[in-house]
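Below are two complexes that have subunit A in common, paired first with subunit B and then with subunit C.
Coming up: the complex of A and B.
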């Protein structure tokens, strides 16, 4: 009874939503700033780059060239230009795989959590099988058999995210369907798919957003690592993961070609992580009904 | 300290504020309780009575703070002590019995360990502590053998759990004991025993009791003195008989008037109609192999209110859910307007689903927190009746039937109080103009004053021709709303008849016990 009493006393205002609560934490602001910076570089980079990414402007691993701030890479292409061009592919692949993975996982999680019975068993046991494959090794295996393709990268990472998301969402769904408003919808005979879409889904958005952030962080890492291992995008594409791989032999004489993409990936990962952390803290507070 | 009426607890000018808004949750409260006496602290949710109760232990809920006042328990000023000193006194000088015994007991500890822990007196030897634990268990009328001490809390019934909580509180012989609605979750028979135990224990130990409750009838039964709280202040305080017979503050009068009277003649029996709207015969239901209901015969005529009375575990919720199509494992004849109802709501016709509506027990769970009131009401309407021509009109009309202003349509559930939420639930149910409304304990989560408003609302709906099946454990409510009553006991109908007949001349032993155990509140005292 203590919860109702606090609610009746605390006025008529609607409590702050998930985003506003999350924004209240310092870490979220730092995270948004860091992520924003890298996204800005990746999106605007191609438009402000001084050369084209395949243009030769210097000797291999040459530094201190006029007109090339960070020198040339292992073939003599402008490092700054390739850095500015190499972000958007990474971001796009990471976003697409995280988005598709979370979407598929949510659908499976809600269906498994709500329908229960044999369907739940089939879905979740299939999930367990998928979970048994280590993310990176599965990706490398598929790439080495079918050859590296951008859509394949997205598909493999999405499939590896799906069971992890499904588990979390299934648990959240279980909690929601205990509530009487779902029973009320059943009593009036609302079709199951509408109950899932309109009664359950809006009430699992908090864990959903946290999952999305988390999966995005992992995707960035996996896409970059695949690029580095040569199983991601192929040369001569400018790609941060690929850049690290191509230029690592010359790290002693030309550190910029490795340092720039590494720093960018690190900042992006840390930023996305901080935002996710802020969101998850806010969602824990909201879900427990704790008011600061 | 042997003087029978020396003051055990005195509070002067106590103020507690909430952070960060600095709102005064309780302001300038002064009370005193003598040894062996019980102070009833009455007020509705949000009046600050639990906050006051906890501050008597010098404990504050998160983000609250005692800012001024003195708090003297058995000669010790708690406000002067540091955290360590207060901890020493808790359990010895002042003890607390919380609302829900199930959450007060540690599910992982055996009872013997928990009780010995509550004693936390280093000066006693193990044998002495053990003897004290057994003694206090005998006093609360529980067994004291080793087998019982080795039990876990989940192996006890709700009433037994609450008695263990009482034993835990009394084991250290406290000077003051704070009871926060300790009988709310219990059925009347158990409640009566627990109240008797509390009464006897405070007398025997010379302990001052502070009994927090929103239920005037219980407090009238138990307390020597009554303090009425309203918005963080004590608006009236005095001897129990005086407050009950001659209330001075308007809020006290309102509280008293809201208490449902146990004995009324009931409403007039409209006589057996030609064809009952709902006829249940030979219904049996269960979960898997467990049989919960057996051989149930009930009928509801159009425009009639039938109460289904039973204690927790009697199967009343299973019955109402079966009728609503939410519980599928039942057999037997369920005729609604002459047609058999399918077990699942999905296999019933849309018309049947429209004509039978269900209102849930807990309004805090029955509304989707992400939808505005408007969409909560329009959702079922669109599905069962069709797309409305004038959506705003439908919402406004439904809200009006539930006695809410049309402006509430834009609110989210979290912006509503418990009573308002329950009204929205009723509005959602009546928007489709049903013929039968099944109400499953819809007032049990609400304050007494709100409860009486909801009952009045339902009677208004009934006057418009709606039939009601009112499921409840509160016998006093039955006589205030229903024409006929069916009493459920252990999954069978023990007795069935008109309210006047059953309340004045109950035939079944169980019904008699129920009526006798309910705290009776004399209407003369209401002084309206």
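Coming up: the complex of A and C.
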């Protein structure tokens, strides 16, 4: 029991180190601020929205209405209200799909990297086949056949993340298993699943966090684009991607119904990517420090 | 090296086959009877049965798959449910349109991206480099359809009104500008970053230092010694980006109402037109796999260690 616990503490020592180094970059702070702003809008929005998201307050695409700051959408519902309501679904779906995809990818990556042999070969070849499908096309194919449902969106995006994450974590694992502490743990006779969970996992956290950031940014994009293509959440849900789809015909007369969700998605993805970039810079520095 | 390439080609073919299997299996899962879909709800049972025979829908699934695959290999992609045209014929024009669009995007994006990347490397850690690095990071984060909409809002009819935002058959050449610009912006950032990183690595190498020490002019050093060695990895990224275009083009075509494969796919999904869905997904995935394969081979060929080893 003493072995794993000492290892996890060293793992914990490096955790805050990564965040502190990343926080040192200006871009991380900007990224956190941008992401925070949009998350705040998405989470608090429904509580401060002036109307109900399905209430009619104006004529279709009408602007300059009293009590509706950004006018009405294609059916005359309040644009501001639908904007405030439409963020949390996007965030939730993106978080879920990135989380599940990274989790599954990490498990596969560590197993493939540590077990090697035929299992490694089988897992990586399957990966290659999965990677051969363009992510969006795969999602569209599944959605068009089984019908767009929230859990399906999460599942498809998670599966498409899996091979990409697995590849990165496998590389990281192969570096870690060269280290003496893994060999020591093997010599003591620790079971392999314990070695994977307590020796390897804590030492691949930096690439893991970078991947999580990357996949989260990507998930936001895919969830949004699916909504935009009409293959994500279905009406009458208020959802940023779907809002863009519904209102793009009236973009010339009523730009707000498109501009608000589009700007929010842009700021959110830029913010998330800035944080990821900060993390990845910090992680490179830390990895160098370890290797020296 | 040729053995490595042969292995890649084999795996490429294997993946293509796997994709065909996935596409076929997926469309098999579609609810509803294909024959009924073609003939419409009020068809007589006899006619439906006759068409089922004709489409061999009564055969086992494996037989259907083999027949379908045989057709695909021979260029017969079936008949569209919605317009009764042979799919291959129907797809010819959209495919050309999409390829032209992708080609223009590549032609616009690649030289500019290479130049910006190389210039950033030469101006390393100066203001141009920082601006370019931040710019590419920001553009790369935004989903491409969002970039497209922002461009429409800025330059389209609602904004400065410079270019049309919707493709029309009778429209002029200016309706290509926004889609090409959007795709170029989506493709460029990774090329810029790769070019910069590779150039920096090359410029710090010993052979470039040697060339400088020989007293060669900076221009000769750059173009004769540095640039050729940077091409390999960069060419690979360019090819990867082109492969990405095959999938990325869908949302852009949908946004600009551009009559390409992506638009066909979206319409086919809307109409539940199974043969058309199969064909367009297969086409897009096929282009993606083949271009990826080319990227792989370029990467192998450009790596001197691989090139020299076991010739």
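Just so it is clear, the second predicted complex is superposed on the first by the 273 of 292 C-alpha atoms of A that agree within 3 Å, B and C clash if a C-alpha of one lies under 4 Å from a C-alpha of the other, contacts with A are read in each partner's own complex, and residues count from 1 in each chain.
One rule holds for everything that comes next: a residue touches a chain if its C-beta (ideal position, glycine included) is under 8 Å from a C-beta of that chain, and two chains touch if they have at least 3 such contacts.
The structure presented is a predicted model; accordingly, all values stated were derived computationally and were not measured.
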>> Once chain A of both complexes is superposed, is A:202 in touch with subunit B (first), subunit C (second), both, or neither?
In response: first
> Which partner, subunit B or subunit C, touches the larger number of subunit A residues?
Replying inline: C
> Does subunit B (first) or subunit C (second) touch A:179, or do both, or does neither?
Replying inline: first
>> Is A:187 touching anything from subunit B or subunit C once the two structures are fitted on A? First, second, both or neither.
In response: first
> Which holds for A:255: it touches subunit B only (first), subunit C only (second), both, or neither?
Replying inline: second
>> Going by the contact rule set out at the top, does A:224 touch subunit B (first), subunit C (second), both, or neither?
In response: second
> Between subunit B and subunit C, which residues of subunit A are contacted by each of them?
Replying inline: none
> In the complex formed with subunit A, which residues of subunit C make contact?
Replying inline: 11, 14-15, 18-19, 22-23, 26-27, 29-30, 134, 137-138, 140-143, 145-146, 149-150, 152-153, 156-158, 165, 244, 246-248, 250-251, 254-255, 265-266, 269, 272, 277, 281, 284-285, 288-289, 292
> Where on subunit A is subunit C touching in the complex?
Replying inline: 27, 128-129, 132-137, 140-146, 217, 220-222, 224-225, 228-229, 231, 244, 248, 251-253, 255, 258-259, 262, 265-266, 269-270, 272-274, 277
>> Looking at the complex, which residues from subunit A come into contact with subunit B?
In response: 1-9, 12-15, 179-181, 183-190, 198-199, 202-203, 205, 290-292
>> Which stretch or stretches of subunit B touch subunit A in the complex?
In response: 20, 23, 25, 45-46, 50, 61-63, 99, 181, 184, 324-326, 345-346, 348, 350, 353-354, 357-358, 360-362, 364-371, 379-380, 383-384, 411-412, 414-415, 417-418, 428, 445
